[in-house]
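Working notes, beginning with the structure itself.
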Amino acid sequence: MEKMTEEQVKSIANMLRKRSLWMIHYCTGCGAMELPPTMTSRYDMERFGLAPYVTSRQADILLITGYLNVKTLRRVITVYEQMLDPKYVIGFGSCTLNGGVYWDSYAVIKQLDRYIPADLYIAGCMPRPEAVISAFRHLMELIDSGKADGYKRYKRNLAYYKENQRKVLG
Amino acid sequence: MVKMILIAIVAPLLAFAIGLSFMMIKRKFVARIQRRYGPTIIQPIFDIMKLLLKEDNISHGIIFSLGPIIAIAGSILSVFFIPIAGLNMLTGSGDLIALLYIMAIGSLGMALGAGDSANPNASIGISRALTLMFGYDLPLVIIVISVALQYHTTDLSAIVAAQANGHWALWSLPLSAIVGFVVTYGALGEHPFDIITAPHEVATGPMVEYGGKHLGFLMINHAFHLYVEIALFVDLFLGGASNIFIFYIKMFAVFFIMMMFDEVLPRFKIDDAVRFFWKWPTVVALISLIIVLVK
Amino acid sequence: MVNLANPILLVVIPLFFTFLIALSGSFLKSGVKYLPVIAFALNIIVSLALIPEVVKNGMVIATTAGFKPPFAIDMAVDKLGLFLSLIASLLGFVASVYNLFYIDEEPQEKFHALFTLLVAGLTWMIITGDIFNLFVAFEVTSIAAFGLVGFHRDKGAIEAGFKYLVMGSIGGSFLLIGIIMLYAATGTLNIVDIAQKTSNLTFQQKLFPFAMIFTGLGIEGALFPLNAWLPDAHPAAPSSVSSILSGIMTTAAIYAIIRLTNTIFDFNQIYFFLMIFALLTLIFGEVSAFFQKDIKRMLAYSTIGQTGLFFFAFSLNTVNGLQGAFMQMVNHSLSKGMLFLVVGGMIMQVGSRNIDDFAGLGRKMKVSSFFLAIGAFSLMGLPPFFGFWSKLKIIFAALQNANAFLVASVVIILLMSVVEGAYFFKLLQVMYFGKQEKDVAVKEASYGMLFSVVVLGTVLLIISFYPAPVINFMHKAAAEIINKNYITLALKLGGL
Amino acid sequence: MMDIVDKIKGIEGAKVTVQRENRVFVDVSEDKLISTLYDMKLIGFHQLSVQNVIDRIKDNKFEIFYVLYSREYKINAIVRTWIDRENPVIKTADKIYPSAHTWEREISEMFGIKVDGNEDSGKPFILENWKDLPPMRKDFDSVKYSSEHFVFRHSEGENE
Amino acid sequence: MNILLEIMLATPFIGGLLAFIGGKVHRWVRFAVAVTFSFLTLIEAFVYYNVTIKGVVWGSLFGSKLILQTNPISWLFLFIVTAMSFLIVIFSIGDMEEDRIKLDSYYMQLLFVEGAMIGIVLAGDLITFFMFWEIMSWTSYFLIIYGGKKSVAAGYKYIIMSIIGAYSMFIAIAMLYVKAHSLVYADVATTLAHSSATFVVWTVVLLGIGFFVKAAIMPLHTWLPDAHSEAPSPVSPLLSGVLIKMGAYGLFIVLYGFLSVQLAGNIMPSVFSTPILLYIIQWLAALSIVLATFLAIMQEDAKRLLAYSSISQIGYVVLGIATGTSLGVAGGLFHALNHAIFKGLLFLAVGAVIYRTGTRNLSDLGGLVKKMPYTFTALLLGIIALAGVPPLNGFVSKWMIYEALLQKKEVFLLIMAFIGSTGAFLYVYRLIHSIFLGQLPKKYENVKDVPILMQVPIWVLAVSTIIFGIFPGLAMNVIVKGMKLFGFKPIAYTLFGFPQGTAMGALKVINISAVLAIAFVAAWVLFLILSKSRKVSQYDNYAAGQVVTPELKYNYSFGFYMSFGRVIKSILKLGIERIYNYWVDAAKIFGDYYMRRVYTGNLETYNSYIVIVVTIAAAAILLGGKLW
């Protein structure tokens, strides 16, 4: 019986986390422009319980909207660490995947999830609001099924992440 | 005695439910005004439950954690001083003036907690919150005095009884009612006066460092606060109802009109807000006070 | 034991000692400075002996050489006269002890001779019953004072002495004219005799001699326009002398005015005129004291202010008023005498009279600054000290028949005492909390000086904490003068 | 338009070529650079729009150009000079055109040109603890640097 | 029994002298003597708990008997004086650093001031009252200037203003003496009863000026901010906790001892059913509440902030006393007790902070809650009491004053009183936020809490704010019994508040505090059920990603209410101080230019003066005395 309630609490918690996702979009790159349309009346992401919040303490999702150079990576890591635990990271656009058009730049990092665990990527050189909404829905399913465990991975192999970060930030 | 304990448990829950319902309706209504579809009706419940069930919480010290707790304790206390549906619980042991001070415990708790979060945004937020409180307290006191003088008592349940069948204070003190309406905006920190938690300027003001269960507590406190302010307005001017449904309808009517103005007006700068409160509402309230004195 | 209770002794002993000092100056050399101490000790004993006599029958009359009036040089010591002579001899004794350690400049015996002569003249002025004797005593004291003021022989002292000489002699001549007129009108010199004969004089005949005598004694008694010499003379004189000058000299002159106006001239419109004088003296004295940088000049101006105060009390012409005046006289002579002695010691240590150089003395010269504080508080009239009772009495008396002018004058008095409080507290602040830039080696004053200051201090403290005996003694003295039983007593005793 | 060109020609040691209706090139030797800029300001070119460097690696030179603009005559004048690439040093122009101060900071960081007279030129400007060659130089191989410092994602399959 | 009155009056003075002498012997002798004697007076005070002694003649002067008496009202103030002085002596033992010469005189003056205040409170006639009033003035002057440097100027202003106040009282006392030759309170009351209205008004106004200077009501308050902020830290609680209450006590005696409300009523017209004189006093008090609160909000220095808050709080006391109704006067007196407690607590707590950090400037401090937790809780209780928030003692007395004002329909005064209390909320939070919350600067890393000796008085006061907050009845039975003596109707009260309350509303403080406690525990339990929260350092803070480092002064405390300052900019500019300084300078210039020119120093002018006098005399003679 006790096992079952533990399971039940977990599923209820996940359901709640799914239904009320608060996001902080750290407008690093050119993807930030995609978010106002998703928030406003045409696509209205608030239907799914998503709301934009200002401080890292209150947020659940960290959106990395575009290319991430070394300088902003340092700030993004601080924000990520300040967020409270069940936290998820969504990488916007191809620049977070493999450096995108800045593949040869000396400043832009090529792969987001080497430095902070990314739960979800949205391909496209700046995905349209529909893509963003579908990404969010996909994230909800991940949360529901419990697979969105980026923050656990970060905690588990913290040394690996820290090593990569030190290699880049110096 | 058992009845007393029963009331002691039911009243805060009822107040919380009413306050929460207003938050729900507000989110939906605001979305509708912005021609958006808006979240599910019970979105605030999900938000609060998610915050309370956060796995990891941070705290900057005992006072940081104590702040929200004192805020909630103060709000629960003030709930007991407002007569609901005919049963006036603690109005016997504390009158209107005591209520004004008890409502201050909530803001004191929040201010202490936010102060301890060692973040300048929080400090700026609190200094604005207290200045705004200083602003709207002047007209609030004047209308409270005019109502008390009109009914020759400061006992809230007596005031409610005096306005029993139909002749509300709204008809006899129209000017004070209008001022009361504007002051409730300031007291609730609703949109034109939400300079305190303006996300663009001071990153949600005092709540900048609050997250997880602390933020959940603060949202619960906001629900209580919503209930207390509107119930006070209804009791003072609309002759609070004998049973719960009429009470809720009256409160909803007031809140509905408030929401109408809410989304339309731009935000006040903090010293303009105080100047505004000390100019028009105060003058109008003084006029109605003089009318009461003369009558 | 020879009957000591004889007022003449009070004058004879110091005169005898003056000549003794002058003669023995050559061979006694250093011993001469002990003689004044003995003189004044004897004087104190005599005046103490007089107390039972005066208490028993109100007044002691002593006629010299058995002459009957109008030629008798007789002394009449009533209650107030006795008290003032007691204070005079006490101050003289204390000052002479102070001189043992203070005066070391060359012409020692001349200083001590003049000093004893000064105090002798003063006591004579206080207890004389005959107006011509009053003039003689006045001249004796003035001459002694001129000499002593110029004693330091530096430029300032000489000039002050000369100024004092000129004004003093003018005063003396006016006094003489007044006395001659009185003598011409009444044919007698004895005060009591004149008092009986003035009834048939016309108003003008009485007023003119009064004006002359008032101006003469006024110069000596530091009334407003006439006291211009005082701010220069008192600071220039050595401290012990200025202590006597401020303490007793001015009080004696004012006492003489009181004695004459009450017994001989009994017209009461004059008091309003005197009151204006008193207020002006008070205002000018206190305000100019506020701006002084030199401590002795400040104390001199404060003397003017205080004299104005008790002259105002006298000019109320009521028993309470006079009682307040006498209490203020006592308070002033004791505290001002003590202040001058303390300041003298401090100037010797610090070397300059400028107040700013007194910074930090509060910690170095603890005992003397403690007594200075007591003296200052008593002059200001702060509660536990005697000054408070006398100020209380004066104000109560002033408001007795409260007409608008009196209330206004009370307000002025209180404002002036605020100013007085201001400059005394400024002095105390500098002394206790000032920063001493050049740390000059300042040590406590020598024991002899301290002795005199401590004696005066304790006397002041005693009458502060147990004012009752002094208060009702003064009340009886004032009643005696106001309702003129001075004359009836003199007649009864003297058998004129 | 022409009278301004004559005025520019008047500046001693300046080789003037008119490229278009409102664009003039002014080539000047390194030591006369500051005096020319001063004269240009007197003529009427009140605004320094851009100051930057072109890395002429072939003839081992840095070409430094100042784009000046005059509102009055509505034409752009580009003052150019060439400095040696080995130890490139230029004098600061921020006394004449204050905006040059920031440009010079960027140039010194991106190209490694030492600017004397501008005390902030040595300090880090955009890049944080950058140890390598100044990145904008042509001899700096960006791809090599990024492959050294960053790990590319191999295209097929999920990374671990 | 009543010899003890004289003994009680004498013990502090003897104690002072012994402490001075003891100090010469050894440090501990001085402390021991000071503590024992102040404790002795405290015990003696308790002997008179609710005993009324008519009059013990201890002397007579100019025909008027000098009397000592005690009644519950004077016992209330006696309790404030003795309790606070005892706590302050203990605090100063811990706080004052060792400076052999000055410390002896410090303890002597401390006990002298206590003695003088006891004298005032026990005085049965105006001469004793006035005598001890002046002794109190100049002994407290020496206490203020103990700090040296800036405090000397502050002390100088204090002593001059108190002398002016004292002398205005002096004139009133003289006028009374002249009329009746006896200054015992009862006789004074009878003389006032049947003397002309102008005489009564003049006496009360002149006495009032003296009390207003000491109680620092608005127009005469300029000395208080300097004196309280420059005085050493143990002396400021004595000054603002106890000394200004003497002004309030004096006012009470004058208004209700001599001039009962009915007498005032039929002498002068009355507005809103209060005599015009009382109404003016109420308006002055209300004005001083509002303006002092505005000034307190804008202060940067902790002690000046508390000094201005003392002016506004004493405004409440005077407002309460001048209402005339029994509820209002009881409220005023109870607020005097409360204010002594929580203002003393605040000053001692700030003194403890100054003892540890050495600075009073609010913008330098911060984050001390981690280092000084006890002082923080004490200050927190103090500020809650000052702001008048229910569970603690400030609330009950303010509530009584509001009820009284509401009953008398004096609404504008009530509004101004309320503004003062909300404003108090602002500057009170400013105090605790700048000192204890926020970022802890580097230089206060190793600050410890204050030694035990200084904590004891702080804790005694903190606990008493709670006791008087929850059980107001303790103080009320003393006040109500005392007011019966002065002809006031008793108020219905119980240990926990005013159940059937006044005409307006009821108050049961115990219910409020009980429900608050239950609610707090419930919320706390809910908080603990949820997941634990981990402690986070003060540098791990939201700064939009920027890493916060110690060098960065990441603290908003300078000009905390700058935005509010812009709103009341015009009010802050008008200051009474400038007018006083203008008059003082004008007097100085006049005195300097005209007065000193008289003594020019050359002989000719002096002789001309003599000639002038003689001519005046001659003119008088020629006109034959018809001049006047």
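Going by the order they are written in, the chains are A, B, C, D and E; count residues from 1 in each one.
The rule is simple: a residue touches a chain if its C-beta (ideal position, glycine included) is under 8 Å from a C-beta of that chain, and two chains touch if they have at least 3 such contacts.
Please read these numbers as outputs of a predicted model, since none were measured by experiment.
> Show me the overlap between the contact partners of chain D and those of chain E.
A
> From chain A, how many touching-chain steps at minimum until you land on chain D?
1
> Going by C-alpha centres, which chain is most central here?
If one averages C-alpha positions chain by chain, the most central is E.
> Which chains, taken as a pair, are joined by the highest number of C-beta contacts?
Result: the chain pair B-E has the most contacts.
> Need the CA-centroid distance for the pair chain C / chain E, whole Å please.
Result: the chain centres lie 44 Å from each other.
> Using CA atom averages as chain centres, what separation in Å is found between chain B and chain C?
Going by mean C-alpha positions, chain B sits 80 Å from chain C.
> What is the distance, in whole Å, between the centres of chain A and chain C, each centre taken as the mean of its C-alpha atoms?
Once rounded, the distance between the two centres reads 100 Å.
> Could you work out how far the Cα centre of chain C sits from that of chain D, in whole Å?
For chain C versus chain D, the centre distance works out to 97 Å.
> Going by the touch rule set out above, which residues of chain B reach two or more other chains?
In chain B, the residues touching two or more other chains are 53-58, 203, 208-209, 212.
> Can you tell me which residues of chain E touch two or more of the remaining chains?
Within chain E, residues 540, 542, 544 contact more than one other chain.
> Looking at the whole structure, which two-chain pairs count as touching?
A-B, A-D, A-E, B-E, C-E
> Within their complex, state which residues of chain B touch chain E.
Residues 8, 12, 52-61, 63, 65, 68-70, 72-74, 76-77, 80, 90, 92-98, 101-102, 104-105, 108, 111-112, 115-121, 123-124, 126-128, 130-131, 133-134, 137-138, 141-142, 145, 148-149, 152-155, 203, 208-209, 212-214, 217, 270-271, 274-275, 278, 289, 293 of chain B touch chain E in their complex.
> Which of the residues in chain C come into contact with chain E in the complex?
Residue list for chain C touching chain E: 162-163, 166-167, 170-171, 174, 203-204, 207-208, 211-212, 214-215, 218-219, 225-226, 228-229, 231-232, 267, 269, 272-273, 283-284, 287-288, 290-291, 363, 377, 382-384, 388-389, 392-393, 395-396, 398-400, 402, 407, 410-411, 414-415, 417-418, 421-422, 425-426, 429, 432-433, 467-468, 471.
> Write out the stretch or stretches of chain A touching chain D in their complex.
Answer in residue numbers: 70-71, 74, 97-99, 103-111, 113-114, 167-170.
> For the complex, which residues does chain E have touching chain B?
367, 369-370, 380, 384, 387-390, 395, 399, 402-403, 406, 409, 411, 414-415, 418-419, 422-423, 425-426, 429, 432-433, 437-439, 497, 499, 501, 503-512, 515-516, 518-520, 522-524, 527, 530-536, 538, 540-544, 554-557, 560-561, 563-564, 566-567
> Can you tell me which positions in chain A touch chain E when the two form their complex?
26, 55-57, 74-76, 78-79, 82
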